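We just call them A, B and C in the order they show up, numbering each chain from 1.
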Amino acid sequence: MTETTQDGPMLAADGTPLKKSLRRALRAQKLRALGLIAPLLIFVLISFVAPIVDMLFRSVENQIVSDTLPRTVVALRDWDGEGGEAPGDEIFKALTYDFIVAAERKEHTRLGSRLNYEMTGISSLFRKSGRRVDDIGEDYLDQFKDLNDAWEEPATWVAMMASEGWVADQVAWSEARAAAKSADQDFETPEPAFALRPGVAKALPETADIYSAFARTIQTQDEDSPTEEEPWNPVYMALFNDLASNPDAASAFSGDVAALLSEAAAAVGNFETISPKDAFLDADEDWGDPMVWSTIKAFAPSYTSGYFLSAVDLQLTASGVQPQDEDQQIYMLLFKRTLFMSLMIMFSCILLGYPIAFLLSNLPMRQSSLLLILVLLPFWTSLLVRTSSWKVLLQQQGVINDILVWIGLVADDNRLVMINNQFGTIVAMTHILLPFMILPLYSVMKTIPPSYVRAAKSLGATDWTAFWRVYFPQSVPGIGAGCILVFILAIGYYITPELVGGTTGTFISNRIAYHISSSLNWGLAAALGTILLAVVLILYWVYDRIVGIDNVSLG
Amino acid sequence: MKLKTTMLMAASAIAAAPAVVAQEMADSMTLVSWGGAYQQSQVNAYSDPYQANNAGLEIVWDSSSNEAVAKLRAMSEAGNITWDLVDVVAADAMRLCDEGLAMEIDADEDLAAAPDGTSASDDFGDLLVSDCFIPQIVYSTTFGYRTDVAEWNGKEPDDICDIFDLETFPGQRSLEKRPINNLEWALYCDGVAMDDIYDVLETEEGQDRALAKLDTIKDSVVWWSAGADTPQLLADGEVVIGSTYNGRLFSVIVEQKQPVAMLWDAQVFDLDGWIIPAGLPEDRLARVMDFVKFATDTQRLADQAKYISYGPARASSAPLVGKHAELGIEMAPHMPTDPANSKNSILYNFDFWADYRDDLDAKFQAWLAQ
Amino acid sequence: MPTDSKADGFVVFDHVQKSYDGDTLVVKDLNLNIGKGEFLTMLGPSGSGKTTCLMMLAGFETATHGEILLDGKPINNIAPHKRGIGMVFQNYALFPHMTVAENLAFPLEVRKMGKSVREEKVQRALDMVQMGSFGGRRPAQLSGGQQQRIALARALVFEPELVLMDEPLGALDKQLREHMQFEIKRIADNLGITVVYVTHDQTEALTMSDRVAVFDDGRIQQLAPPDQLYEKPENSFVAQFIGENNTLEGVVESIKDGTALVKLDNGELIDTVPVNVSAAGERTKVSIRPERVEYNKERLQEGAHTLKAEVLEFIYMGDIFRTRLRVAGNEDFVVKTRNAPDQVRLKPGETIEIGWLPEDCRALDA
């Protein structure tokens, strides 16, 4: 054993370091233990941890704007909104392309309701504009058509835009489909994904961009084929723009297409132009409101602090973070109220639960189990029934008021308001959460031998001193456990406050529920929930610092 | 994002396990509605006759309409739609349509024409408020009052603005704990013409004006959040007058015979109907479309009114409305659409509320909390 | 050391009765005088009422009937904390949330003593139990024996005249227990305090006490100094309960001149001291202590009574030999003999003759 003293680690009999062989011996045990808890671990991960992580993620996620309006978001980078004017045609052009794709994919209304959380009115603005966006470019279509009827033909466009490889694949695919059809077989293979001809993107950049978006959209959305569908009107606007800025574009093509293009390039100079901005303003004049644009710009990034700011009564504007309008500030008030009321409920539970738990732990077995059943009885009735019975008891025409009036304590025309306010909420929730205070208290008190109090008394302490100096400190762990249980349950409660809280007794969770199920503003709900979670964790930490978490016991 | 999808799928797979089992059965369809008497009226008028003609079809009812919007979004994100047809109010239908969660329909193609050949789109008319919405009923939010209030000295309210008259009609009122309807009534009783209400409400001043009007009775208001609250409060004598859905008041007055009467003035019309979740597989979709075509035809909508006092959404159904199935009374006078009842009424402005709902709700809640 | 101080009873139980349920008496008519400075032990099996008596004295239970006097004053209606009685509990009842010093200071604090006085007294008490340097520790950091000392110190620190101890050594192992017995006795003698000590361990009772009250069935069966208790048990319960005892059953033939002639069940006649037999014909249990029986003929004294016996078992126990015999039909007749160089070692199966003096043989109740 001498070699183990100073200069080397302790060695096992076979010469390996003792620590290492111990670890090896324990590994099998640990693996077995892990195997035992694995089902629960996986269940908790999937059903509890992952949703929480997902919720945290939702509170900052904001990809919908840049996903739906990619071109507009890029174009808006250089727009500073100064001068209080809406942006010019360039940005509206980008918006046209984005909007036609989004409208065809039915995504514009989703984005509209997302942005409506930030600025009222965007929802209907987007919905209305979605119906009108396909009109933009119709004038160009007419002018191209007047020039040559071939522009109306899907085949012209396929010849111009599609890669030869795709054309060949497409032909093969439609033959296979026709064969399957004649053999009366199911044919489920989708059309090969559209591919652009090399060089088109350089010669006709806008057209290439929007046409391939068109082709992919109708392929995936409507299961149509670009070989059969005439392009959207805005595609003609793109072609006009490309030809106007690059009259030489035809040189990149050959054959009929080159001829068509050179003919068009020569003619576009005389085309009647239209402004996409005017078209949008014509659909809804709100597009001229720079606030709409600064809202889009402010929420363009993929991640936003907007939800968190809203959750603390601030708002994100183009000019930075600002307080929410005073008459819409509600969340800080609700957070404070939730904390305050949860604390009140917690203290009421201590006040009411402590004596009961004390009694429970000191009564003989038979009486105490009867009393324990009474304590647990509320658990066996539905939450709604319990809450509703409090309504019956506390309302103005309710049992308690009736009794008070009958005794003469309260005048009939001046009955007490005990429900639909904070008082009612505290009463009902204290009742519901009381068992969560009593049970840990009881199980801790049960372990305090009566000899402590007797010892204190024999040492000369009065009943009160014996209780306060000797019994109470030993029941503190039970109070701690009860408080944590009650407080955390109370802070997230929403059914009872919803039913009996009236206007002054509702909690932040009622707003979270509203945003989850009614307004569908899940981002804000997630941010509120995250803040609530953080508040609970902070309070837990504070509790640990002050009381010590070791000082919590369930018995 | 991958993780999220996987996880949501797993979570909803657990939650939706019973529904999945149901779908694997030969022929089954899950309909979502509001439960209670309303759902029962749909069973009686729609699904029972349909099943009589389609032996072997199983119809599963799920009473989750009050959280349909959130659940549909969760199902869609998880890529596992377990519902086939969902009953929602029009505002929710619009929201679902905007979110891409409901399928767009073509009224003339997908729905039955009226017996006289009028196309479905003309028969439903303006009630097709959203591309995804198939209206069933017109209901209204209106007021009921107790007829035995001593302090009123024999007077009974007959004007919506009596709600704001605490002098003549003292006592607690119950109003819904949301801005919708309340702000309209407040502005109307503050002197705004019926047609100007939404224009005024679009402005900051108009909103403040509406809240200021509500301020005058705020201390006497109990705020409800479930449709059953007001009937209960009226029956208990907790409030003397309160707003709720007209069908709820019908059952308090006619079925339970409580001393309560209807105040039809300035009732707010709203619509309830079906939406079909987007992304249903073809076989399920075909079945649902067949059911919807049957369940929203003229006769079926008229039949529903035998069981509940809501007006059929088709113009052609109105003349067919008959007597209550059990009580044997004429239902027409109890319909919100009855000419005598709808002399003065407000049509809920869906576009306005789609835009202003979040904003005004925040403002309203902040006002309530003050 | 007063062994008989009934006259100036410091603690007096006067016809005390106690019932918990109103049906049965746990303590039946208890009369007991405890002198000042006396070390009195209440000994008895569990359920015999001894702890109830202690609790009544401490004030945690009230007497159903009768009076308890402390220093001449009735204390029935005095709250426990005003009685000024120190108490050591079975599991020490040291307050776990206080340090040792705080535990000791507690009784001084509630008596509103100044800080310096407190500290001095606490230190003195700790020194007294040789735990001077443990003041800053928590009870949980101490061993059982150490906790026991602290509990003792705490019961003594406020200088009560009467200290009650409720099986204070029950949780200790044998060696420590024996050590602590002497320690407690020493401290009690030094301080001159009155101690009422409850135990079910008769060795403890015999070693420590001035007098022992043997409890059974709610009554004191015998109250006597240890030697009398052992040598002159007054009834068969005490004879059985205290120390080891041999019992031979029989019928009294006659009583005369302070001697009772008993006919054992196998017909053998022996002389005994009549203790609680009064007339011929009564059944009796004759009690003989194992160490008063002799089988070594050379040691048998004059006048000894002899009987035949068969050796069943012989156990070597170091200091003594323990022999189990069959005597007059009793197969559990035990003899203890000192391990002396000239002592005979018996073998099972041997038939021998045993003998004892008639005055060691007591005829008790059956």
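One rule holds for everything that comes next: contacts are C-beta pairs under 8 Å (C-beta built on N, C-alpha and C of every residue); 3 or more make two chains touch, one makes a residue touch a chain.
These numbers were taken from a predicted model, which means no experiment stands behind them.
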(message) If I average the CA coordinates per chain, which chain comes out farthest from chain C?
(response) B
(request) Please find which chain has its CA centre nearest to the centre of all protein CA atoms in view. (result) A
(request) Could you put a whole-Å number on the gap between the CA centroids of chain B and chain C? (result) 87
(message) Between chain A and chain C, what distance separates the C-alpha centroids? Give it in angstrom.
(response) 76
(request) Determine the centre-to-centre distance between chain A and chain B, using the mean Cα coordinates as centres, and give it in whole Å. (result) 27
(message) Applying the document's contact rule, which stretches of chain B touch chain A when the two form their complex?
(response) 3-4, 7-8, 10-11, 14, 66-67, 69-70, 73, 95, 97-100, 104, 172, 177, 208, 222-223, 225, 236-238, 351, 354-359, 361-363, 365-369
(request) Quick one: which bits of chain A touch chain B in the complex? Just the residue numbers, please. (result) 46-47, 50-51, 54, 57, 106-107, 109-110, 112-113, 116-117, 120-124, 127, 325, 327-330, 333-334, 337, 395-398, 420, 498-499, 502-504, 506, 511, 514, 516-522
(request) Within their complex, state which residues of chain C touch chain A. (result) 58-60, 79-87, 89-91, 93, 95-97, 106-107, 110-111, 154-155, 158, 164
(request) Provide the residue numbers of chain A that touch chain C in the complex, in ascending order. (result) 449, 451-452, 454-463, 465-466, 469-470, 473-474
